[in-house]
Amino acid sequence: MVMFKAAFVREWRLLARQKADWLNPLMFFLIVLTLFPLGIGAKPNLLAEIAPGIIWIAALLSVLLGAERLFKDDFRQGVLEQLVAADEPMLFYVLAKIISSWCSTALPLLLISPLIALLLGLDATAWLAVLLTLLLGTPLLNLLAALGAALTLSADKGGILLALLILPLYIPLLIFASAAVDNASLGLDYSGQLAVLSAMLCLALALVPLAVLKALKLNVG
Amino acid sequence: MVMFKAAFVREWRLLARQKADWLNPLMFFLIVLTLFPLGIGAKPNLLAEIAPGIIWIAALLSVLLGAERLFKDDFRQGVLEQLVAADEPMLFYVLAKIISSWCSTALPLLLISPLIALLLGLDATAWLAVLLTLLLGTPLLNLLAALGAALTLSADKGGILLALLILPLYIPLLIFASAAVDNASLGLDYSGQLAVLSAMLCLALALVPLAVLKALKLNVG
Amino acid sequence: MFEAVNLQLAAGQLLQIGGKNGAGKSSLLRILAGLARPDEGAVLWQHQPIDDSDFPQNLCFIGHLSGVQPQLTALEHLEFWQAAFGLQPADGYRVLATLGLAGLEDIPCQLLSAGQQRRVSLARLWLTQRLLWILDEPFTALDQSAIVLLQQKFTEHLSRGGAIILTTHQPLTQHFPEAQLLELAYRW
Amino acid sequence: MFEAVNLQLAAGQLLQIGGKNGAGKSSLLRILAGLARPDEGAVLWQHQPIDDSDFPQNLCFIGHLSGVQPQLTALEHLEFWQAAFGLQPADGYRVLATLGLAGLEDIPCQLLSAGQQRRVSLARLWLTQRLLWILDEPFTALDQSAIVLLQQKFTEHLSRGGAIILTTHQPLTQHFPEAQLLELAYRW
Amino acid sequence: MFKWLDPYAKPETLYRLCGLWFPWLMTAAFISLLIGMVWGLAFTPADYQQGDSYRIIHIHVPAAIWSMGAYSSMAIAALIALVWQVKAAQWAIGAIAPIGAVFTVIALFTGAAWGKPMWGTWWVWDARLTSELILLFLYLGVIALSGAFADRQTGAKASALLALVGVVNLPIIHFSVEWWNTLHQGATITKFAKPSIDASMLWPLLISILAFGLWLAALTCLRLKTAILQNEQHRPWVRQLVSSSLKSSVIKEG
């Protein structure tokens, strides 16, 4: 627990020092969202129809883009090898990393979701669905992103390899989440999709941190 | 010229050593493309309508994602400071970097554009327009990405700051390019848009390398 | 890579691993620290393989890399490691002052000089009560006064029953007459 | 940061900049190399400010960072720098062999040991004909034989009329009795 | 627990075993492939709805099934590699992945070719097709990851981990036709109850499936053999092998 607190404090200090770490994903998200009306042309009906999918794709890309740095610095500066050698309670370190990365990349998205709904012309029910799916889905995004980051840690390919590994795993999430929002905007029930999302989240919560740990040790050793 | 050749050879060696450097942007592009049908649902008409915009957004993101690494390694390992101190013909170095980054990230996209047209259900005229706009537009993408990479070199914010700087600059490109493809799929003339794209490219070719040079020196000094 | 390396270390002993560049010193240290797995043979800690023992809880490893996060201050670095080692919060200021970093506690480490960063990294040795220290070229970038300081710390640690394994290209023996020396040969 | 530093260097001279960790040696070297701009004062090369002269074409700078690309081999590293210095392709194998890297020419540098990477980085000095060398702690990570090798190279360069500015925490003077020494004081 | 596995995990033994099995597997694969293809493509009656285009089933279904089969065996190898640190299992991953990727490509390609006459389009974004495409991406990811590290060992282990994680996709592929309403055929032969397909079509299909499986096994043996040699090239037994095979070839020539 001490380790968890220490790692968490350390992360938050880093975040506080570099405000860009949590401001930028947000801005990226917003900019990607604005790219669509520009790329597709101002056709309101069309936009409203593709809005749920687009929100989710933008969220996914913005989490992905921040993922690479998650463990990279600690690896480069040798922090990780020192932690692994001393067999500190690494699991807490991993959890602290994942949680603070969720707080810094996904939480802001949740907070501005009303604004997004407004921009893309979603009604209240659809917005609620967006909010709920983001709430259930983004932790999963961060978990998988952490896994990808840990796997590619000592590979010198940078973020794009990470993207390649993780995007396929995101796809089921994307399908269910946008189906939920779709249903919601048609006034249909979407509790089934939410249940699937929760199940995926539970599974990932149980397994991914351990896999991350394993991957970190692999890359350091 | 010797320097240009040396820098170019060096880049290509790095690329050959890490095949992933040119395979990955391609795969990323393909995966992002598949995200859309998944996120939006299988609605062929809708897809065909938004296809040009989507192709361009995916191309833009995949160039962007590879951009961060452009000068980063050379900076971290001190290659850049040694080059700047010795006042080597840095312009050639910059040009070699940009050209080889275009060859590795954008050229593959051009080559598989027929496949993409097939996947998204574009017809031959629309595909031709996609190809032409990519041909004119992607060098611009790479030039601007290099500028962003050079500007954010010593900032430790990673790719996301870069994305923020560069995406706004990409927007005019995106608008003209997708308008061209839109026109093409409606059977209209799109030489106007192509002319604008060419003009932007020429301007960028003349100015951006110098700006990159300046930015590199700033970040090293 | 190695041929028949066989070494033992008792409490209170210092082992210097010598050898030319590329002889395999760092690789050996990583194996000893459990970071790499030997192709053959085993590393024992109190007669048990290190994987099955409390070895990691007794180890403090500092390799070629400093482990100092550029954006954090020296003080924050120490706080993190105190918690990681499971220690009570100690007086970081005092340790840093001992190391000649007084006045620099609140500056992000990336602004410190090479030697100062190395000092911050080594400050962990002043915190920990762990028995075995494995250090890869700890004297890199340090000036004479810092080297003396570090060697005093070594003596203190050894007298308390600790053990040290280190590599360095600078001769050590006049300060530590009882140090064991293991020379690795470079062969290609 | 500095108070009244005033130094001159003639051809054939070696200047060692000394001082404790954090005294400002690296900062001074970066100013001398034109990588940083002094707040006050100027750096002159043959009586001209360095910005207006052919100073950069006469300079070979190696700082704390090695400048060795981890994915490239030692040989490829040398080829690049030959071209960058505008030299005819020379025999990279020979230079690398001199530096004790025979047999390692075709391995990505990231697999080399710390000292071997440093050697690759220093190999530039064997290639260039540039007059002024500015080196920040060149002996880091090198073993004794490599240090001797490098010092021989220094002597050769000085006897050809070159000049060297370097920092190091190891005493140099016995090999270079005529070296100037500039001690920077550490003050905080 | 798996101590009985240990002797087989020794590279040298495994190399011998692969060498032993390969010719048999390859011949069996070749023969059954021949039977299955000739019977299936030439002698079964044309479908009353689909005409002759349905004959592509004899390639599509085996390739599709074994693209998943290959992935499962790769995942099992990955598990062994990670848990018991068996080097040979790591090499097996690298051996299987490209074959599996090719099977996946074949399944995708034949499926698309079949889709054109059946559904009127090459490609739709339905769950079965998409998840199969993801399978391809996963294979490519495993391959890319294993080659991305300066240290081969790390690459092998990292790709093993990824292979394991990717297993979640397999049930999605298989059950996609039940969970979502799709264009794609529901389970016709792989369901436990009586297959809903005519026996005259079923038998050649089953033989083709068997043939593809044998083919997969044979190719895996071959690739594994090469991988073992590559990774063990500095070991004495490989040197011995090489020198003895050199000698025998000299004798033959002489």
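We call the chains A, B, C, D and E, going by the order they appear; numbering starts again at 1 in every chain.
Quick note on the criterion: a contact is a pair of C-beta atoms (placed from the backbone, for glycine too) under 8 Å apart; a residue touches a chain by one contact, two chains touch by 3 or more.
In this text the structure is predicted, and so the values were computed from the model without any measurement.
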- Message: I need the common contact partners of chain A and chain D, sorted by label.
- Response: B, C, E
- Item | For chain D, the least number of touch steps when starting out from chain B | 1
- Pair of chains joined by more contacts [C-beta pairs], A-E or A-C: A-C
- Message: Suppose chain centres are the mean of their C-alpha atoms. Which chain sits farthest from chain E?
- Response: D
- Query: When the C-alpha atoms of chain A and chain E are each averaged to a single point, how far apart are the two points in Å?
  - Reply: 33
- Note on the structure: Expressed in whole Å, how far the mean CA point of chain B lies from that of chain E is 36
- Note on the structure: When centres are defined as mean Cα positions, the distance from chain D to chain E in whole Å is 56
- Task: Please report how many Å separate the Cα centroid of chain B from that of chain C, as a whole number.
- Result: 46
- Task: Could you check chain E for residues that touch two or more other chains and list them?
- Result: 130, 137, 140, 144, 148, 150
- Task: Any chance you could list the residues of chain D touching two or more other chains?
- Result: 64, 70-71, 108
- Message: Can you list every residue of chain A that touches 2 or more other chains, as numbers and ranges?
- Response: 18, 73, 156-157, 161, 164, 167-168, 171, 175, 221
- Touching residues on chain E, where the partner in the complex is chain D: 150
- Task: State the interface residues of chain E toward chain A in the complex, per the touch definition above.
- Result: 82, 127, 130, 134, 137-138, 140-141, 144-145, 148-151, 154-155, 157-158, 161-162, 164-166, 168-169, 172
- Query: Of all residues in chain A, which touch chain B in the complex?
  - Reply: 18, 20-21, 24-25, 27-28, 31-32, 35-36, 38-41, 46, 49-50, 52-54, 56-57, 60-62, 65-66, 68-69, 73, 156-161, 163-164, 167-168, 171, 174-175, 178-179, 182
- Message: Going by the contact rule set out above, which residues of chain D touch chain C in the complex?
- Response: 19-26, 64, 100, 102-104, 112-116, 118-119, 137, 140-147, 169-170, 188
- Message: List the residues on chain D that touch chain E in their complex, please.
- Response: 70-71, 108, 110-111
